[in-house]
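Lettered A, B and C in written order, each chain numbered from 1.
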Amino acid sequence: MTRRPTPLQATFSKPKVTISAALVLLAALVPFIYPSTYGTGVLVTMLIFTVLNLSWNFVLGIAGVWNFGQLAMFAVGGYGGGLLIIHASLPPWLALLAGGIGGTLLAVLLALPTLRLFGIYTSLLTFAAAQVVQLVIQNDSSGTTGGALGLPTVKGLFESLDPLWATRAWYWLVLAIVVVVCAAIALLARSPLGLALRTLRDSAAYGSARGIDPRGHRVLAFAISGFVAGVAGALYTVYNGSISPTVMGLTPMSIYVTMIVIGGLGSITGPIVGTALVTAIQQALIDHPGTQLTVLGVVLIAIVVFVPRGIAFEAGRVRDRVVRWMNEEEEVPAGPASPEGRLVAGREGT
Amino acid sequence: MSDILSILVSTVVLGSIYGLVALGMTLIYGILRVLDMSQGSMVMVGGFVGWAVMTSAGLSPWLAIVAAFAATFALGVLTQVVSVQPLIGRRGTDFEMITFITTFAVAMVLSNLALQFFGPRQKNVPELVGGSIHLYESVSLPYQSIVMTAIALALMLGFALFLNRSRYGIAIRAVAQDLDAARLMGVPIKRVFPLVMGFASAIAGVAGVFLATQYFASPTAGDQPLLIALIVVIFGGLGSLQGAIVAAYAIGLIQAAASVYVSTTWALPILYGVIVLVLIIRPQGIAGRSLEARL
Amino acid sequence: MPADALLEVRGVSCGYGETTIVRNAELTVGAGETLCLVGPNGHGKSTLLRAITGLLPLSAGEVRFGGERIDGRAAEQLTELGIVHIPQGDHLFPDLTVEENLLMGAFPKGAWKDRGTALDEVFARFPKLKDRRRQRARTLSGGERRMVAIGRGLMRQPRLLVIDEPSLGLAPVIVESVYEIIAGVAAQRTTSILLVEENFTHVEEVADRVSVLEMGRIVRTGLPAELADDAAVTQSYLGALPS
């Protein structure tokens, strides 16, 4: 959990890094506070989805490309990693990497046809492409993907440990990946690449006029995001020991989009907050599975209408006060946070 | 010969149903710049209303159509007021993307409410009318298909007349083209927007009754029509009404042909493949006008 | 100042977002009177019009129409009172036909009944438009578009016609004919006109009074002849000195 981003003059100030480190440490201790295999397992799944959502938010929120086909990269990473473990006896560690590469390849392939498209057409094309991937996996009759039943018996990690410790090890592994991905995205968002992407997002015509190549940057954003999504997919397969086409489709997509938007589209820590919050809601309603999506849908609309910048942004304001306090500055009355202090997908007056 | 004939029969039936759903979507997009993802749920709700009126209450199918129209009209108005109206004119958000998400959330809520109330099981809905005309060898044309196609065409025609001739119809098209100027003419946009979404949803609701009589009513009955309507509106060029109707029959034809010559399971992937190709070759769809880059 | 004021603008300030463009504007248009608002480009003329006709909220002041306060009401409500705004740059509906564009001018319920006669009257004023009635507005020339815009404004009997730069971007000969039409409407004395121009040249032909807007403030109001005689005003705001 790092920081609320400010676009240009962003610095990784000491207090902010300290707070982030403290939060990560706290997160690492959670398995001891909550010593059950089931509970820890829920957290592992949550963290895997966090990785996916971080990757999706990078392209959707930060680069502003309306990609609604991210689950295709997730699935290709998952299936690719799984198949390599089964057929090429690839060690699971390498399968994660292979999943990432698979995700990258598909992402680049998907980015190319979207280059000429604007806005909503991009979302339709990516969404349609993801549907093709799902239907191909599901309808495959050659037995490669296992069709609708899924791809079972993939050798997992940490098999020598007892179930509780294995789950804990998984937790720490995925937590480490979340931290690395989040830090990488935070750095990327402030790099020249990130600046170029945000410029293109806010005004593609202006960006092009200033010599930013929209195509190259878009492909690059897709590739980076696809790699992370592929890794998340492979993590999912290796952790669960199976993957099925149900990881894709309208329902999962609506859940992930809810997570990202609730957390704050375009905010770097948004996906972490959003994924945690939605998981908490799902767990709270675990005895009433039928109401989960209804509640999530209502929450999603309410957040969009009433908290348009997402929870992470509002949390960031609280965090900023702590930072000011740590800096031993005078407590300034918390005025409205400056509108520049965010990375939200913001095109005015489309 | 019998292959071709049966393809044609399915094309007309499928095309008419898709045309209804796509008509609503393209109308909403053309006027509100909202890609309304709740349209699939309106189809689903229409199906359940049809089931409730015909099967549960045992009333006339015509009443079912009217009831579905009314129910989904109200639901469409509600959707607009809750998930679209508050976002109009909001600074710093991408309106098209954010309403894509909020209408999606509405769809989530509706289909899960349906799941809770009606359960996951598919409900059979009787045909509107029984009987059929024998055409050739094994191919026959059910009266049901004729009635559905006739109603669909009548609705599309009625809509076209409404948009081209009536005071509010012209105003609706005017709003789509220049919002400020329409306000200066006195068009009450706050009333027009919910009305548009209500009408579009009501048409989808009627399509839902048709689909339910062809197949069944179920909480997920709206998913595939939504996906197909998306394909149709891309194919036709978003916001172009004629484009949408032509595309609906073209998509119906592709799907019918793919089902006969390849297989039913591969019909949908083939459709998506076609649409990906269309977007690569003609990014603005078959009839769409190209978008201008704005500084 | 006319005794029976139709439109009264009192201390109006308005702008976009944080930026205030018009400050403390005061003006009055009498019944049947034609007031021209002149001033350099970018000094807030159109902004003031948008505020008067309800497209833009006021940040201060009030607007009265026929004695009734109308600020804070939406543009679409004001048209019901008989205020017609012909915006700068025409704002036609590009994919509606000429006839449909004109019909939109008669959208309010009262006017819709008489749309047939109104249409005939507009076609009588602009015979050229009759030939083009089935053509889409986007295919028209600049002059024809202006005619449609003005014709659309005349599709019902406006009590107040607000016209924003009717000469903008037109060839001089077409500007002449546009002003003839406006002068014709003004001469009937049934419609009040609030007209905005950057250029003083044609204003004299139609205006009863002229106000000068500079840097968001109305700095002078008077008869056209007085202002034309005022060399300083003429030079600073209205272009070259008369020779």
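Things to note:
Note that contacts are C-beta pairs under 8 Å (C-beta built on N, C-alpha and C of every residue); 3 or more make two chains touch, one makes a residue touch a chain.
This one's a predicted model, so the numbers in the text were calculated from it and none came from an experiment.
Inter-chain contacts peak for the pair A-B, counting C-beta pairs in contact. Of all the chains, the one whose CA centre sits at the greatest distance from that of chain B is C. Separating the CA-averaged centres of chain A and chain B is a span of 32 Å. One simple way to say how far apart two chains are is to compare their mean CA positions; for chain A and chain C this gives 53 Å. Between the Cα centres of chain B and chain C there is a gap of 43 Å. Contact residues of chain B toward chain A in the complex are 29, 33, 35, 82-83, 86-87, 90-98, 100-102, 104-109, 111-113, 115-116, 223, 227, 230-231, 234, 238, 265-266, 268-269, 272-273, 275-276, 279-280, 283-284, 291, 293-295.
The residues of chain C lying in touch with chain B in their complex are 53-55, 74-77, 79-80, 84-85, 87, 91-96, 100, 103-105, 107-108, 112, 152. Contact residues on chain B toward chain C in their complex (touch as defined above): 167, 170-171, 173-174, 177-178, 180-189. Looking at the complex, you find that chain A touches chain B at residues 64, 66, 113, 116-121, 123-125, 127-129, 131-132, 135-136, 139, 203-206, 208-209, 250-251, 254, 257-258, 261, 290-294, 296-298, 300-301, 304-305, 308, 339, 344-350.
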